[in-house]
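Structures are listed in the sections that come next.
After this come two complexes, each holding subunit A, first together with subunit B and then together with subunit C.
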Partner chain A sequence: MIKALIKKEWKKTKNITIFFVIILTISLIHFYFSLSNALEHNAPSDIFQDIVRKEGTIDISFLLYIITFIGPLLAFFQFSSEVSKARLRIHLHLPLKQNFLIHFFSIYGVSVISFIFIIANVIVFLSLNTFFPIEIFYAVESKFLISYFISLGLYLSLAIFLINPSKVIKIGITTLSILTSLLFLDHVGRFFVGQNLYFYFPFILLSYYLLLFHSFKLYTKGYVK
Partner chain B sequence: MNSLKKYPIIIITILVLSNFLPYFYDMALSKRGNYVKVGFSPVTETFIKTTYPAGASRKAIYSTMDDKTTFTREKFEEFFPFTYFSDLIRWGTFPEKLASFENNTSVIMSSKQRLYFIHRLIAKKEVGLYPLFESQSKFSGLELPEEFFRFNNKMEFINTTTNKIEPKQTKLFTKALKEKGFSFPMKKIFGQPVTRKPFDEGYFIVDNNNKFFHLKKQEGQPFIKEIKTNGIDIKYMLVDENSRMEFYGLVLGENKRTYLLMYDDYEFVELPIDNFDYTTDRLYVSTNPLYRYIDVDSNLEDKEVTTNYVTNLDYELVAKNSLEFPYEKESFFKKLEESIFPFQFYFSKKGSYFYYPKISNINEKAFIFNLLIVLLYLVYIKYSSRRISEHIINSILILSAGIYALIAIFTFARLLYFRKKI
Partner chain C sequence: MENIIECKNLTHYYGERKVFENFSFSIPKGKIIGLLGKNGVGKSTTINILMGYIQPTSGECLVYGEKSYELTPKTKAKIGLLHEGHIQYDFMSIEELEEFHSAFFPKTWKKELYYNLVDKLKVPYSQTIKNLSCGQRSQVVLGLIFAQDAELLILDDYSMGLDVGYRTLFIEYLKEYVVKYKKTVLITSHIMQDLEEIVDDVIILDKEQEILHSNLKEFMNTFKKFTIYQPSKKINEKDEVITNYEEFSKYTNIFSFKDENTLINYLDKKEISYEKIESLPMDFEKAFMGYTGRYE
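Entry: the complex of A and B
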């Protein structure tokens, strides 16, 4: 049964996951070659100085955008088709507990985002460690991690938006997720800035998760308000 | 969602709204006031004011501090011959009082130095890799070294080409530091690791035992000097290499005390300023042949305060002026703000690179408004056929967080539909 559910989720999200994996692979290859190219044409000490002072050489903004957008797009592909034809309610007839199903859906999405994030991280780590000391990876990671948390937040909030039948909650969660993302994105500009903001994310993600849980229940109960 | 599950999202909504609503309100209704700059004239030995009026016209008005006398721009420039000497010499209006400088502008030029400290500098975390320049190079310009260093339990040099540790330099500098009594790892390091400066003074380092050291590289060898701090707890140092070679930089100590670290025997000279809070304020130090100027800008909750200190060459206070600029808002909107927003939430970064949640601008008046909202809320609950006993927590939240809680509860607690009367 679980295998079938995984297969079903995979079928829904296969295209978008493969799309992101391809985009990510291209951008990581570009990242690696732009680094080695920069090191070929400049004195290594100049590159070091550039990174330490201006943070310009290691341009990971494209990677940050990819990681940030995986969350909402995955949620869209995972839940929009279920909601549009009210198929979500059909899951109630499966011989599985409703709570288990809710956990399953969200854990599947979170796992896909985390998997892509971890793969990207490993490649960034290996690329950077080839040329630079570990301090540079820590600096890059300090920006990377925030975009991962924002992605998870956007995944959960878009899922709530799609599933929750209440228009007020739809508007509320949209506004809240935009404002929360702004609040945190505001501090992502430079290396290390706001690194302890990660500690606030678990609470935010937990509250989103509880609301998602509630939204599933409302949906399956047939509320339309 | 009758259980407590809804409260995390409600609390987050309250916090997010309490960050953004007062901010949006301010953006929409605050009026920009006049922008005022104050300078001390070495000619009149008084403060002169430049006012840039709010609005589209940004034409400056030059006047005395009491606004009784206004000046033309030409007259204003005459009051500041060390700034506008090129114009004044061209016009032949260089003040007689300072005539000795008219034909000696190189003295004016060489006596200029500017330091600018903003609280953000102290809250910035570095990557942790630093270049150590050769400070006695035979070439006139500074060149980036091939090795960068890091501090752990030694001073470790990393070759930027091979990305490997340089054992020779590491051993040389670590040994030299240990011989001078340096205790690893270091706590703070201050320097200006850029090539665009006339020369290099290396780094100033606070070691693990709070001892203060000066470190630089001279002809490939370490130059290390322990600096006696006389009990000053060094919070930050703004290093500024300048050809004047009067001071190494600005040192911020505890209890709002600020010093200059002089070239002369590494002496700390305390600046005669009070109430400079390095976690929130901005500080400018500038010099000319006769005076030292220290300007402090503080952003308080309801106003901005600019204090100008003028000292002689021995850093003894000569004159002081303070101006306050209240944040302008029409009184009705100001009162309304105080009544509807009980507090403001934001992430504070005071004196560190970590963010801490902070609640400020607590308005007592707003709690009266909150009480009114609670009463209306309870009337609504009763009217919409709900049980008041189920809404006690919501009422407490509204009483404490007012309008923020009301919006959050109505958004996430599904209260906008009416229950059928039984």
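Entry: the complex of A and C
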């Protein structure tokens, strides 16, 4: 049964997942070559600063945007047609526990985002660690991780936006997710670097997850598209 | 007889708008029930309550003894559901759709019933559902319900978007299947003549009238249409004799569960004279319209 559910979600999101994997691979290759090129003229410690502070020579923002946008686009492809075509009802009528069916949706999405993130990290680690000092990997990783968490946050918040019937919640979650993404991506990100930024992410993500679960419950208890 | 569905005192509101109030009905095992009514009277709401998609404002529905909004997987597996508009995973092919659904009913799945129906469409199994016509999609969805071998079939507006050819085909296959396998069916549709062929009982929902739950034959035998020519007074009140009326310039149509003699006595009592009174035969569609009334 679970295999069938995974196959269904994969079929729905296959194109967008493959598209992101291709784009990410191309970007990683480009990143690797620009890093090789930069190391011919700069010391590794300079490049570390460059990546952390975005000072020009090595620009990884494109990579970060890719990781960030995987989440919301995956949510869009996974949930928009389910809601607009009223297919959520078929899913919820499958002979499995309703809570499991609800959790399955989000677990699938979180797993796909995490899988892509892990693969990207493994590639970055293997390619960087072989030729460059480990500090460069840490510098890239600290940026990647923030984008990964934002990606998860945007995935869950867009899912809430699509499923929750309340306009107030829709507006609220949109504002909240845009604000937190912008803050964490840039200024607050810098501010919090020294204060363990990662401490805040689990709480934000858990709140989003609970709100998404609640949205599904609302859908099953009185709001039918 | 064991009741598969039991709804007691259902009341539902969408915001301020009342859909129905104190609606009770039960569906015994092996019966085919038609849930009928004009648009907006709560047919789909009833189905959605039964399937747990909506929790009623008050009252409760029990399906196989379980609250409809807390159905266990075991009970859900006993219910074959056709969603309004023949909704299915339209990104899947005919073959993939069968594979997907079969995974959830490993013990009861009857693959051959699905392919028997699908083969008649003469389309390749690799065809995606979204590329099928509405009629073809209805056959695929019906095939899935047959293959599931559910005990209870709930078919919400099966005729939506179907031409007369596919509608007839759908009803013929359905009739053959439910009679052969003795299934319990709750069906909604706007096509009365189709339902007349298949249902045992009817439930008629209406905003003006009381909810009617009756055996179809009994309803057709007892519900009568009378035409009263040149009545001396207006007959425009509903009561225990007059279920509904249609006023025209030279005559008035009366719909009633009473016989002709009762109506004649009633008119005498009300001191209404008339030129003549005629009892007219009705088909099911006319009887339905007589009960629920025309749009003004």
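Observations on the structure shown:
The working rule: the second predicted complex is superposed on the first by the 191 of 225 C-alpha atoms of A that agree within 3 Å, B and C clash if a C-alpha of one lies under 4 Å from a C-alpha of the other, contacts with A are read in each partner's own complex, and residues count from 1 in each chain.
Rule of thumb we're sticking to: contacts are C-beta pairs under 8 Å (C-beta built on N, C-alpha and C of every residue); 3 or more make two chains touch, one makes a residue touch a chain.
This structure is a prediction, so every number in the text was calculated from the model and none was measured.
In the overlay built on the shared chain, the residue A:Ile119 is in contact with neither subunit B nor subunit C. Applying the stated contact rule after C-alpha superposition, one finds that A:Leu94 touches subunit C and leaves subunit B untouched. With both structures placed on the common chain, the touch criterion links A:Ile16 to neither subunit B nor subunit C.
In the overlay built on the shared chain, the residue A:Pro133 is in contact with subunit B alone; subunit C does not reach it. In the superposed model, A:Leu211 lies in contact with subunit B only, and not with subunit C.
When both complexes are overlaid on chain A, the residue A:Thr180 reaches subunit B alone and has no touch with subunit C.
Comparing subunit B with subunit C, more residues of subunit A are touched by B. When the two structures are aligned on the shared chain, A:Val168 is found in touch with subunit B, with no touch to subunit C.
Applying the stated contact rule after C-alpha superposition, one finds that A:Phe203 touches subunit B and leaves subunit C untouched.
Common to the subunit B and subunit C interfaces on subunit A is no residue.
Listing the residues of subunit A that touch subunit B in their complex gives 43-49, 51-53, 130-133, 135-136, 138-139, 166, 168-169, 171-172, 176, 179-180, 183, 187, 190-197, 200, 203-204, 206-208, 210-211, 213-214, 225. By the touch criterion given at the top, residues 1, 5-6, 8-9, 11-13, 16-17, 19-20, 124-131, 144-148, 150, 158, 160-161, 163, 193-194, 347, 353-355, 357, 410-412, 414, 416-417 of subunit B touch subunit A in their complex. The touching residues of subunit A, counted against subunit C in their complex, run 1, 3-4, 7-8, 11-12, 81, 85-87, 89-90, 92-97, 220-222, 224. Looking at the complex, you find that subunit C touches subunit A at residues 48, 51-55, 69, 72-74, 76-77, 79, 81, 83, 85, 87-92, 96, 99-100, 103-105.
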